[in-house]
Amino acid sequence: MRYVGPNRPEDTLATLIEFGPEENAFFETRFTSFEEGKSYEPRYKTFWLNVHGLANLELLKFIGRRFGLHPLVMEDILNTQQRPKVEVYPGYLFITARLVHVNDNGEVGSEQIAIVLGRGFVLTFQEMPTGTFDGLRTTLKNGQSQIRKLGADYLVYSLLDKLVDRYFNVIEHLGERIEQVEDAIAAGPRPEHLSEVRTLRRSLLYVKRGLWPTREVVNVIQRDEPDFFHAETQLYLRDVYDHTVQLIESTDALRDLVGSLQDNYLALQSHRMNTQMRMLTAVTTVFMPLSLVAGIYGMNFDVMPELHWRWGYYAVLGGMLALGGGLLWFFKIRRWF
Amino acid sequence: MRYVGPNRPEDTLATLIEFGPEENAFFETRFTSFEEGKSYEPRYKTFWLNVHGLANLELLKFIGRRFGLHPLVMEDILNTQQRPKVEVYPGYLFITARLVHVNDNGEVGSEQIAIVLGRGFVLTFQEMPTGTFDGLRTTLKNGQSQIRKLGADYLVYSLLDKLVDRYFNVIEHLGERIEQVEDAIAAGPRPEHLSEVRTLRRSLLYVKRGLWPTREVVNVIQRDEPDFFHAETQLYLRDVYDHTVQLIESTDALRDLVGSLQDNYLALQSHRMNTQMRMLTAVTTVFMPLSLVAGIYGMNFDVMPELHWRWGYYAVLGGMLALGGGLLWFFKIRRWF
Amino acid sequence: MRYVGPNRPEDTLATLIEFGPEENAFFETRFTSFEEGKSYEPRYKTFWLNVHGLANLELLKFIGRRFGLHPLVMEDILNTQQRPKVEVYPGYLFITARLVHVNDNGEVGSEQIAIVLGRGFVLTFQEMPTGTFDGLRTTLKNGQSQIRKLGADYLVYSLLDKLVDRYFNVIEHLGERIEQVEDAIAAGPRPEHLSEVRTLRRSLLYVKRGLWPTREVVNVIQRDEPDFFHAETQLYLRDVYDHTVQLIESTDALRDLVGSLQDNYLALQSHRMNTQMRMLTAVTTVFMPLSLVAGIYGMNFDVMPELHWRWGYYAVLGGMLALGGGLLWFFKIRRWF
Amino acid sequence: MRYVGPNRPEDTLATLIEFGPEENAFFETRFTSFEEGKSYEPRYKTFWLNVHGLANLELLKFIGRRFGLHPLVMEDILNTQQRPKVEVYPGYLFITARLVHVNDNGEVGSEQIAIVLGRGFVLTFQEMPTGTFDGLRTTLKNGQSQIRKLGADYLVYSLLDKLVDRYFNVIEHLGERIEQVEDAIAAGPRPEHLSEVRTLRRSLLYVKRGLWPTREVVNVIQRDEPDFFHAETQLYLRDVYDHTVQLIESTDALRDLVGSLQDNYLALQSHRMNTQMRMLTAVTTVFMPLSLVAGIYGMNFDVMPELHWRWGYYAVLGGMLALGGGLLWFFKIRRWF
Amino acid sequence: MRYVGPNRPEDTLATLIEFGPEENAFFETRFTSFEEGKSYEPRYKTFWLNVHGLANLELLKFIGRRFGLHPLVMEDILNTQQRPKVEVYPGYLFITARLVHVNDNGEVGSEQIAIVLGRGFVLTFQEMPTGTFDGLRTTLKNGQSQIRKLGADYLVYSLLDKLVDRYFNVIEHLGERIEQVEDAIAAGPRPEHLSEVRTLRRSLLYVKRGLWPTREVVNVIQRDEPDFFHAETQLYLRDVYDHTVQLIESTDALRDLVGSLQDNYLALQSHRMNTQMRMLTAVTTVFMPLSLVAGIYGMNFDVMPELHWRWGYYAVLGGMLALGGGLLWFFKIRRWF
């Protein structure tokens, strides 16, 4: 058991919420060291223990022993780069998932949340407080809330529901950025746009890699775990499952759009190059013959009768104008401008 | 329960149609407020309650309670951005699907229709009246129509059949636009065409995202729900299923064509550039040597014997003509023009 | 029931062939109106009723009633843009498939054939006589033919076998055209080739869309319909199934080749452009410095000592030759020509 | 039954090998006409009848009758363009597969081998002797060989094993040619390389189309035919199956490499064009201003004071050198050379 | 049985480790010849025989006989180019897998490891010592290690776990190289980058071809082999399986990035070409008209009144400046610079 990450042991914070279906059956407390935990006695039927910070190994080991968690579960809690998954152990269900968010510089990141669902209790483990579940705590205080009535499995549903909502935010954000880049490329393609397209592509890949296994997790717990989830909660999980399917389709649609952005970039650039080439060709075709004429009458031959004609100069200038104008007219009717 | 959309509560309009297999067993009425609904007593065996406008939450809640709809069903009715799906609840079947249409500016949009099929009744919920089902109401008045005989499940089949017909219209419209863009590109590729190609690609993606789950919905209700659909109606649903499969294949074929449009665009542009490049190279290759000759005989050296020859000027002019003509002939046999 | 197509009612032609396993058990007759059909009495064990032309609705309705065809079957017979499919109805099997052919202008088209297989009879419906099944009629007259012995199901196998053979012809034709276009592109890419590539791509897509469901149809009737097909006939259907698989693979291989045709086109065009660019660059690089030299000695400065040298002119000409030759030699060793 | 191919009837050669598990139980004989075959009496438990040449229809029909082969089997033997397949008939198993080889001009071709495995006998049919199975005959003479002990099914395994080995040779050959083309393109892309890439792509497609169904054949006979293959032989077939899987993966990897060859070609050509463009731009940018300066001082105005300065000519030459050098230096720091 | 590879017979080294669950139940010995092996008597419950070097066929045959290995197993051990697989034989399980590593020149290579798991023993065969499993030996000496307690199947898990860890290293290495190449391309695309992209693509393909079957192997032994693996070990194998899934996803993500690298390369090169083309066009468009003007006034006509004007020269110079400046300004507002 080893933790590699930014947490320091003293930042670990365990919050315990106990609740029951009765109106006043709610109690919340916090531990920062595992000594406090040892002597604790639960009061109500169901409790939710949330741990922020994973560096206090002693506390985590204590929790592991207290709830009989398998060594592999403990390792998965500490290894925060897990692929989302669900695993059944005797007496409890172990779920990991990823909480996505958008960085200040617009990149998509994520944090792991590990959830243990047992009979009458839920344990959650995160590296950092993200505020995603603050609303849940408030809801729990309300004696009428569904979670109070339906218990631990509905709490897990609520956690997953919040988590999936975060994906909606991220997808929406990425959709807006794609439109911005699209407009910018239409205004004038520049190499910076390509690196933005790459960042978007990578972000979508990142989101997709988080969503696919999450869908699988929700699917598995909805279908195969009647022991841990009531029939009523399973209806709600089916709803979360539909949301993940919708999210995956949106991600695929955005990926399609990003793919065509790059094609668009190249097509626009090729169009610009075409325009320049047309101009270059026209300028060259118009001026090269004229320059040749001027060069011919700049030759120093003794015998060049035209040079001595009265209107020779004007005739040549006129001829040049006619030739140049004719070529321009030719390009015009060929629709070059 | 929350509705986010353009409807105002006072626009909500509920239409109730009652009917039975007998010749005159048809009755139609309208409510705009839920007070009217409370005291209503049904007359015939089967009824269809259609609600336009989703902002009158009080009415919707009343309907929900009256027919025992699950809170998740109510949420799905109000959230009009659902993916099409079918869900079985005790006593009724809940279906959502999308009614596609083409905007005035040629983009494809869609609206959600939510259908609840219970024993002897059908509920439908839409944001706006779209006129798609007006024909159905007329058919229903006819005492000989199949719906009168086969009841609620056949009515749901008829709704889905109309809905799928709309997809045929949209696909046909997109097929025509693809041909137009193809002709326009062949006439001369311009960047506007690319953005049209993008719009078409997006529209087809949109249609496909509506069709796939619709096919799944029809498949599920045709195969797995013998409780809600008679054997006779299932034959008809199989027909609708075949239509969705055909539509999906058409969409894929159109996507393939749109994909090759972009390739075509690039190939044509590259061809034009090639033509210009050929012209530029030919002009440069013909005139540069001639200009050099003119330049040489424009030099001011004291000793340049050619300048004093009797026929020097004419010889040089003739040489230039021969050189230029030779180069043009060379390009001719290399098939540059 | 509505028919939209080129047929006129008076063109409808129904051909009835009765046959049995005995040597002389063969009889053929034709109806053009349904009055003739009403009073008809069959003679032998098995009969095949083939209808060309779908506009005589009265006759079709009569046939539908006579053989107890479901309204959906009648609609599918009249709607000639169906996707191939097979459907089981009580007492008969309904199959639709597509007869492909190559138009005079090289495009691939198809017509629908609807087949109804019941106990002891086969009904077929086509818009036009295509001649595909003429050989079958001749075979049937022969008292030793397999169809006479094995009856209606073997007749359906024979129809499908002929139909699949037509696909082989079309695939072969497309394969030859691909090779022609390939040779033409290698000889010199022109935009016309691109539109030919598009036509080929579209034709292959068309063939594939006909083949896939046909394979499915043959698979289904071979595996799942022991009631309609004898074990012996099923062996033959397995053979037809193998042919459809082989056809689909050939189509995919041709699609792959067509895809690489477009790449080839672009690569060859890019190669030509490269050659032109090389020529342009070489010409410019050789002549620009020489022109500069000529321009310098064409300046009118009072003091330009070289102009007065005895061999100045010849030295400059020689220098130009050396410079030009050196540059050409430089391009030579860089393998530009 | 009809054979279309290069064989003449008199070239047909049937080789019969009889063998048993005992040390000396081996006997080999040859027939060229079917008269010899009619009166033949087998000696040992197992025999292998190999037929080269398919034009002697009389002999083939005799064999067909003698071993009770179905008419469809006879047709498949004569139609040498079959897709590999396996079919179960009462009393025997019918397998077709393709023997691949590399032509002298480097293209991949194949021949069909048809195998019939019955109780105690194996029949094989080929158009030409290919020498692939010569080693097997030698092995069979050896009294200790596995085939002698395990009988007809192990003989079929041995045939398939040799056949799959041939694919390894072909894949290796194609791998080497891909590397050659890759090196040639890196040395300088030429259009010939593209047609070589196309040939390679086609060859790989050809190999893949032979391998896929072969894998399926081996899979089917290994899993589903315990009647025809002993448990011990099935272990060996599993080995052949692994080889086909490995071959398919190698083919896919090579296809991937061939695909990137074309991309490489285009990228290298685009790089060369870039280099030329850079040179063209640099030459033009350097020499055009200089030529303009020379042109200006070649004008014939009466009043051009610079022309009469003492050091005017040298100043202009110096200015030209400075300007040209400055531009070159500018391109240098922009990394154009 | 034949071995083709770099090993010499005298390099073969067999290491035997015996162990049991007790504290001191550990014993390690080495053989170099098979004579030593013949007379050996095991001491503890479980043993692990590791063979490095495959050229000593006599020793390998002895091992094969001693443990009853099937001839196909022996062949697979010697053929070191196997695809990873697992096969069940009576009494033992045979697994092959690939140990990946990165060469000094950055290419990915791999070696085969063959594992035989029987009741109470594990045999491993490798061509070379790679040091991957040195840590395992140290762990085994520790009396408290899991392997000592859980026995042979847990040892196999540990071997697979180490092997999969190596894939993580290689993937990480490739990820870093992709970023380096990406940065290098952004700094300035050069053809060398393309060949690096190709090497990366090939390496990822190589890794993927090793990972896919490894995942399958782990999946099969985790699910289908309860006879060989305890329930406790299966939990650990599920963990290894998750790792392989994660690795495959990472590989696919990297492949996606490599694919877009090539697109990026082309887009950047096209951007550079565009820039050059713009410069070329601007230079040509500015200087060609100016040169024409200079050429006109360099003509030698007798009658050219402008030449004799007092300010003619200055007017022309001024006009040239105005024209050139105007063109530059035109390009400026068209955003060409």
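Per-chain residue numbering starts at 1, and chain names A, B, C, D and E are given in the order in which the chains are listed.
Definition applied: a contact is a pair of C-beta atoms (placed from the backbone, for glycine too) under 8 Å apart; a residue touches a chain by one contact, two chains touch by 3 or more.
Computed from a predicted model, the values in this text were never measured in an experiment.
Superposing subunit B on subunit D by their CA atoms means rotating through 145 degrees, a value rounded to the nearest 5.
Two copies of one chain, subunit B and subunit C, touch each other, and the residues they use overlap weakly: the shared fraction of interface numbers falls below half.
For this pair, subunit C with subunit E, the centres built from the Cα atoms lie 43 Å apart. Averaged Cα coordinates give subunit C a centre that lies 27 Å from the centre of subunit D. Residue positions of subunit B touching 2 or more other chains, listed in rising order: 266, 270, 273, 277, 280, 284, 288, 291, 295, 298-300, 304. Viewed as a contact network, the protein chains form a single closed ring in which every chain touches exactly two others.
Within the complex, the subunit C residues that touch subunit D are 186, 235-236, 238-239, 242, 245-246, 249, 253, 256-257, 260, 263-264, 266-268, 270-271, 273-274, 277-278, 280-281, 284-285, 288-289, 291-292, 295-296, 298-304, 335. Across the interface of their complex, subunit C is touched by residues 70, 72, 82-83, 85, 87, 188-191, 194-195, 198, 201-202, 205, 209, 262, 265-266, 269-270, 272-273, 276-277, 279-280, 283-284, 287-288, 290-291, 294-295, 297-300, 304, 306-308, 310-313, 316-317, 320 of subunit D.
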